[in-house]
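This report concerns only the one structure given below.
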Amino acid sequence: MGNYFTFPDLLIWLPLLAGFFCFFAKEEKSARLTAIVFSLLILGVSIATLFFTNDTKYLNYNNVNYIWLKYLGANYYIGLDSTGRMLTLLTATVFPLILIATSKTTIKNAASYFGLIMLTQAGLMGVFMALDALTFYFFWELALIPVYFLCSKWGGESRIQATFKFFVYTFAGSLLMLIGIIYVYLHTGTKGFEDGVIVNHSFSLVSFYNANLSATEQNWLFVLFFIAFAIKMPIFPFHTWQPDAYDQSPTSVTMILSGVMVKMGLFGLLRWLMPVFPSGVIHYKNIVIILSIIGVVYASCIAMMQDNIKKLIAYSSIAHIGLMCAAIFAMNQIAVQGALIQMFNHGINIVGMWIVVEIIERQTGVKKISQLSGLASTAPVLTIFLVIIAFANIALPLTNAFTGEFLMFSGLYNNNKWFAAIAGLGIILSAVYTLNMIQKVFFGSTNAVTAEVKDISLNEKIVLMIIVGIIFFIGVYPQPLIELTKDAVNNLLVRVK
Amino acid sequence: MNITTLVFILLSVMAVGSAAMMIASKSPVHSVLWLIVVFFAISGHYILLNAQFLAIVNIIVYAGAIMVLFLFVVMLMNLNAETEPIKNYRLQLIGIISGGTLLLIILSAIMKIDVEQLVEMKTGNEGLIKSLGLNLFKNYVLPFEISSVLFLSAMIGAVVIGKKDEAVENKK
Amino acid sequence: MDIKAYIVLSLTLFTIGIIGVLVRRNAIVIFMCVELMLNAVNLLLVAFSKMHAISNTAKLSPTFASDAQIFVFFIMVVAAAEVSVGLAIIVMMYRNVHTVDVNFLNRLKN
Amino acid sequence: MNNILQLVWLIPLLPLVGFVINGLGRKSLSKNLSGIIGSAVVLASFVLSMLVFMQVKSGTTASLHYFNFLELSKFKVAFDFKIDQLSSLFLLIITGVGFLIHVYSTAYMHYEDGKDFAKYFAYLNLFVFSMLLLVMGGNYLIMFIGWEGVGLCSYLLIGYWFRNTDYTDAAKKAFVMNRIGDLGFLLALFWLIAKVGTLQFDEVFSSASLAKLSIKDITGITLLMFVGATGKSAQIPLYTWLPDAMAGPTPVSALIHAATMVTAGIYMIARSNALFSLAPLTQTVITVIGLATALLAASIAIKQNDIKKVLAYSTVSQLGFMFLALGTGNYVAAIFHVMTHAFFKALMFLGSGSVIHAMGGEQDIRKMGGLHKHMKITSITFFIGCLAISGIPGFSGFFSKDEILSGVFSHNVVLYSLALFAALLTAFYMFRLYIVTFTGSFRGTHDQEHHLHESPKAMTIPLIILAVLSIVGGYVGVPEALGGHHELALYLTPVVKSAEHHLTHGTEYTLMVVSTFLVLISILFSWLKFRNYKIEADAKGFGKILQNKWYVDDIYQLLIVRPLQNVAGFLNKIVESKIIDGAVNGLGKLINYGSRQMRWLQSGQVGAYVLLMVIGMLILFFIQLFL
Amino acid sequence: MNAIILTAIWGVVMMFSGVFFKNKSIPKYLAIIGLLIAVIANTAEFSIAKPIVHINIHDMLRFEKYNLLFIDVAFLCTMVYFLLSGTEIEKVGPHAGEYFALIFFVLCGVSIVATFNTLLMFFIGIEIMSIPLYILTGSEKRNLKSNEAALKYFLMGAFSTGIMLMGIAFVYGGNPNGSFFIDKIQLGSGQMPVMIALGLLFMLVSLSFKVSAAPFHFWTPDVYDGAPTVFTSFMSTIVKAAGFFAFIRLFEHSFGTMHDQWQKLIVIITVSTLLIGNVTAVFQQSVKRMLAYSSIAQAGFMLLALFALNDKAKEGILLYTAAYSLATIGLFGILTKMEDFTIDGFNGLAKQQPLLAFVATVCLLSLTGVPLTAGFQSKFFMLMAAVDNGHQFWLVIVAVLFAAISAYYYFRVIQAMYFKESSQPSVTVIHSISSQFKIMLIVIAILISIIGIYPEIVIGWMYR
């Protein structure tokens, strides 16, 4: 198999192919079906990758390396390693869930809609697998552009401004990163090709790790890269694009954004920032942690004041991401491990949240918390799912997020007890706003808006059940996820220390 | 002060003075005439520098051909009277000041050069028609040929822009 | 004669040309000012060529001294071409709006 | 018989199975069936617990390893159960009382819809599962899982009638307050991980680990753990959720908010006694807080008119007693009191439930009176409960409370007298409650009077069983002074090492007599005061303060909730939208503004263009030639 | 050399074509054929490395691989331009043959400025490039805007010619060798001689004018706006790129060794160009005018090559020429088909003409510099060159921030096309759209993405 096609190939080309097919689909139904079938196929491939983790045996299966720009030393080099495998799995899991859960929503111009969604998936996959800086940058942007069109075309009322803000924000950030990439590239060593051509520099990840950078250079390069990732995550104070974008995007795109795309930032930290600039990391470590923790408390506080359910979830996401960022920068095994598994868990949970919100919004046309009430009476099944997912979101034990958050806090505490204590306020505040939301939306008596709401349909039920299943499985037995990503943690810490 | 210097100063004053008069005079016709005076002064300089060919060409081409063309156009348009209706004195002042400052800056930079480099006056055969001609048709044959493209395009330009278009006229 | 004298003279003429472009609004006069600028350059080039004629290093070049004068010749050639095009444009404008005031046509701005 | 310990995993699993069945089948199961399933699984657990208890009593304890919950190279948390004397005892209490309450609920919740009924039992089973996890956990993390789990169930059950906003508010409050405590607990765990690197009980309490901890660490860890305990066990300052939690169905109050969950804090501290014994500062804090809580809650209970509120404050007060015992190092006494308290408080809550049931949902004791005539069993069992809680000799409460008091006495006499005062208050308000409710004449509406009836068997039988337990429960801990062997203390010795206190038997007798005498006086006083109870006007002065619960909720509102909301509002309205977002949008506006201004440079006039060019030249020439 | 000779000759051929062929579209095909011949001849020259006819040019032109490659790129872009907009050229006025002839003369000038080795050839090349453009700008004789643009362009162009000549004079005077050959300018060591500095400054100003760098850019918006759209397309792309090429060639060969002494000037010009170009473009309502400002903004980016002046910069300018020209030609091609040049005129284009909207989007993305488009690669190389230069690192950051701003105005058009509804129900595209036009649009989109994915298709020739 390794000689003909490889997992990375499949993971990139299948969504691209699907996107291509979708663009030329005649009707909504066939486009949707194509997207769903392909996304399930991709999920299958992604699950299959879990059985070929042994790199000594299956190296060919997991790596693709073509010469791309020979005279620059850039290769089309993608490969699966532990973190990548986890995040591609997350991507592959989330997409079919989203597609199935939203299959009741009618969509204009479905062909391009699903085409763009599948393109986004290709971009995301590429980001998580790229082992060459230029390849990485290409996929990084490839994931952004379709999302821009998706949000601007199919979003809410003020979608154009909101999405444009999002675009410019991330575009500016990624351009800064591009400068950083160039700078590091110009400080990498020579690279030889088989045919004897030797180029001065190279874009490959390994050369980046071995780049010859002084401590001062690392410090400001760190800033360039960090801003790009911080915007993408986003962490305080680079987050203002996010609530608007989440609010205005079509919900399935919001799910992609919050479930997978924000992980791009965290992933960037893990693969492209920290190992490349170890001394920059040491230098800025505390500042980043403090920023992230401020973000945790700050976003939680604002989430408490939100009346818009989508914005509430958006801010809660900022808080969660902030915690993950802080944990990654705590730089000990426990914290980083926690952050890694939390990346997966957060993706699953928040998609679940959005699915619920999407159901509510589709049925009532309302996303103001204050206008909703008593949904538990009319839609008990939905309520149960929401309560489970919401409690997973606030990291109740035996749900998936608990293991992640426990490890993150624990590692953060190792770093500095006050960090953990202040970030811990987030635990309390998250309970406050989540319970507020549950109470106002689901409890109480029904009103004119919610009286006619019907309970969820079968496909939604299946999707939510899968999500809840994952939540509990990882909550009770997180070990597989830890095993999957253990190497990444160790490699990272070895490089940074 | 020898005679060369005297002639130089005389010609310089003549050139600068008529140039100033050219931009100051209200009637375009006067401007043209003043400019011709400038050209004569410059030709005088050329002779002083022993560049006789250029001196002649300057008179023939510039003063003779080009300026006459100008004069012709001015006359054709009947612009000899006062044509610039309202003058923005402030803008003119700013123009003069900034132009003057530019001159000052450049001159003060030039004056910093302390090496005195002399100019060969009235002697030397470089500017004579023979040496120029040899040089032009031996070494400079390429630009000479290529200049034809320039003239061709100028010619086309005169046709494209100057010619009356019946088709367009009819259409409108 | 010191070269500086020529530089001063030439730059003065050149600046007068610039000022003319700045303060005048008659397209023909502006164009004439440009011609003045070109002539200032011509004068300077000739002066420089005569300056190099004294220096020994410049004499190493086979075509040393007449280079600049040929250049001046080409400037005149170009100027002639420019004049024909420029006057054609001015005449075209005059035909359309019956003025040669450069500020009269002012539709393209901001 | 060793294999019974191999089946220990069934004990929590059975209620979980019950939860799953009831939860998933809540539409299809009939009410009877779900009631039976719900009760049966707990009964099965109880039987297993019994067997386990026997096993443990014969001296076999076990740590059971199932799988690694979290395994990192440097840090590992196993999914472990630890079955020893302490946990087996708690298993009994939880499953035993739990079973009774399940049975009771089948009748009490009968008016609910089938769906809700099943949901209720599902929650209840889930609670039992979590609570079992809490006490069986072989390390702090498993304990914490149960710890948060019971908080969740408490939330779900308080908000069981979710259409009522007040109830859901109370549920929310309970959860949030618990979370505050949980954060403390979590931080303690992180501290432990940072210093010791493990959460396994056996490893943490080993001398090697303890040696790694400085006194500062231990004090810090224990204080943080105590913060967790104050949340869960409703101590100052986090107690206010418990009275509000009475919004839930009464059996829930009996099970969760009296008998089991709220004692989790005591269990945790008892479990960690090896740590706490090394932290004198923490012990002092616990003592003070416990005593203060006992007094404060008792004083509030005097003026409450809601039958469940009185019981709730009484619970808080009794929990204070337990902490008092813990603070004085008297762990066995605390556990003893947990046990007896579980019996009589569950009894009284169920009794009050029976009363509420009879009154058609009315909870205000001012509208009751003379119920003894109509519901004899309830009345009598309730009376037994009152006697037990007041510490009348012969009843269970007497032994446990006496043990606490004597422990405190050996510690400090001032504290003792304050604790005794709290005990007197207890007797006073309990009998106030009894007298106002059950004696005298009925003060409610005719309609209500007409409906008054004794509750069905499913409710009274648990009452009777609990009443019996309230009486005999104390005899497992008869002190040596009274000729007993204190079986409980002996049983718990391997796990819990109480501080030795040396009181002569004579002193002990004196203390018993004094307290008994004073309690009787207090009861008498209560009887005199309330025998002809009339609905009184709102209290004034000190009484009003008590009636308003020392205004603690209002103070919290003023000092914590309001400022937090203001800060959040400030962040939302000013910082987020004006400063951060404003900066971003402002940049956009600035560019727009700049664009509009810069267009004027493009004036369309050749002269101006050339002028600008010349000025540009000037600048460039100047820079290059002179700078 | 082939390119210069052929374009000059073909210019004459075109001149006569209008006289001898009555069919109006003959000149177009003739022009395409001529250009094809020129491209082939030029490609042959730089792959075989010797011209067809041998003329002793006394080293006044240098035909190095890089220069010839640039000519090829410029000619190929012109080819695309002819194929896309040839029909529009015919429609400007009755002198179709003459217009093509002028364009061929411009191309001759482009070839000269790409290969010059003396200041004289440089000067003549620049003039050959400029004078036909004055004419083309004014070719819509009855259109006052066109008149105005031509007048402005001509007057200011002549003015800048004067300045350039003054620069040449000073360079000549300051050069002790007394030579006009750009590689024989003796700079000495240490501080730059005053005369050379003056010459450099004058030339810098006039070349900044030619490439419309601030603050000498003022003619650009007006002229691009006023000129017939189809010619704006040509002059804002190929001619401008050639201007840049000359700029860099001149400054590298004559003043390259004193780069650090005049780099700060380039920094000032670059920053102000980026600022003025990008910021002013934000508020424009007319797409045509917005593109004019955007061309200033893009010039700011191209100036980075001058700032860096290294191998990467040279590669970058090639890529930039291709990327920027293709995208702009495509956009102007679409613009010629539009009735309303304002951004609102593009509202809802995606529904009525999906292909046009799609290609316009690709072009706009390319101009913004989004990956997978040629525009990204060109910006990427420019940034790489600037970073490699090692000085004034902040300039690079400023440049990318302005690139982010540029997204603002480019995306306004995309937003109008895709996300807004047309206010009037009638078609916004009035001019007929032939299938050839559509095919060419697709070709442009494909070219843009091919260069975006594999830029070595352009620059790889330098290594082969």
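To keep things simple, chains are lettered A, B, C, D and E as they appear, and every chain counts its residues starting from 1.
Just so we're on the same page, contacts are C-beta pairs under 8 Å (C-beta built on N, C-alpha and C of every residue); 3 or more make two chains touch, one makes a residue touch a chain.
Computed from a prediction, not measured in an experiment: that's the story for all the values here.
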Chains touching both chain B and chain C, listed by label: D, E
Graph distance between chain B and chain E, where chains that touch are linked: 1
Farthest-lying chain, centroid of Cα atoms versus that of chain D: B
Chain nearest the overall C-alpha centroid of the shown protein atoms: A
Interchain centroid distance [CA atoms averaged], chain C/chain E, Å: 26
Separation of mean Cα positions, chain C and chain A [Å, integer]: 64
Between chain E and chain D, distance of the C-alpha-averaged centres to the nearest whole Å: 77
Chain A and chain E: spacing of chain centres that average the CA atoms, whole Å: 42
Contacts with 2+ other chains: residues of chain B: 91, 95, 98-99, 102, 106, 109-110, 113, 139-140, 143, 147, 150, 153-154, 157, 161
Where chain A touches two or more other chains at once, by residue number: none
Shared interface positions of chain D, touching two or more other chains: 599, 602, 604, 606-608, 610-611, 614-615, 617, 621, 625
Touching pairs - complete list by chain label: A-D, A-E, B-C, B-D, B-E, C-D, C-E, D-E
Partner chain A, residues of chain E touching it in the complex: 365, 368-372, 376, 380, 383-384, 387-388, 396-397, 400-401, 403-405, 407-408, 411, 415, 418-419, 454-456, 459-460, 463
Chain D-touching residues of chain E, taken from the complex the two chains share: 151-152, 155-156, 159, 163, 194, 197-198, 200-201, 204-205, 209, 214-216, 218-219, 221-222, 262, 264-265, 268-269, 276, 279-283, 405, 408
Partner chain B, residues of chain C touching it in the complex: 1-9, 11-13, 15-20, 22-26, 28-29, 31-33, 35-36, 39, 42-43, 46-47, 49-51, 53-55, 62-67, 69-70, 72-74, 76-85, 87-92, 94, 99-101
Sites on chain B touched by chain E in the complex: 106, 109-110, 112-113, 139-140, 142-143, 146-150, 152-154, 156-157, 159-161, 163, 165, 167-168, 172
Chain D partner contacts - residues on chain A that touch it in the complex: 165, 169, 237, 239-241, 298, 301-302, 304-306, 333-334, 337, 374, 376-377, 380, 391, 396-398, 402-403, 406-407, 409-410, 413-414, 417, 420-421, 424-425, 427-428, 431-432, 435-436, 439, 442-445, 477-479, 482, 486, 490
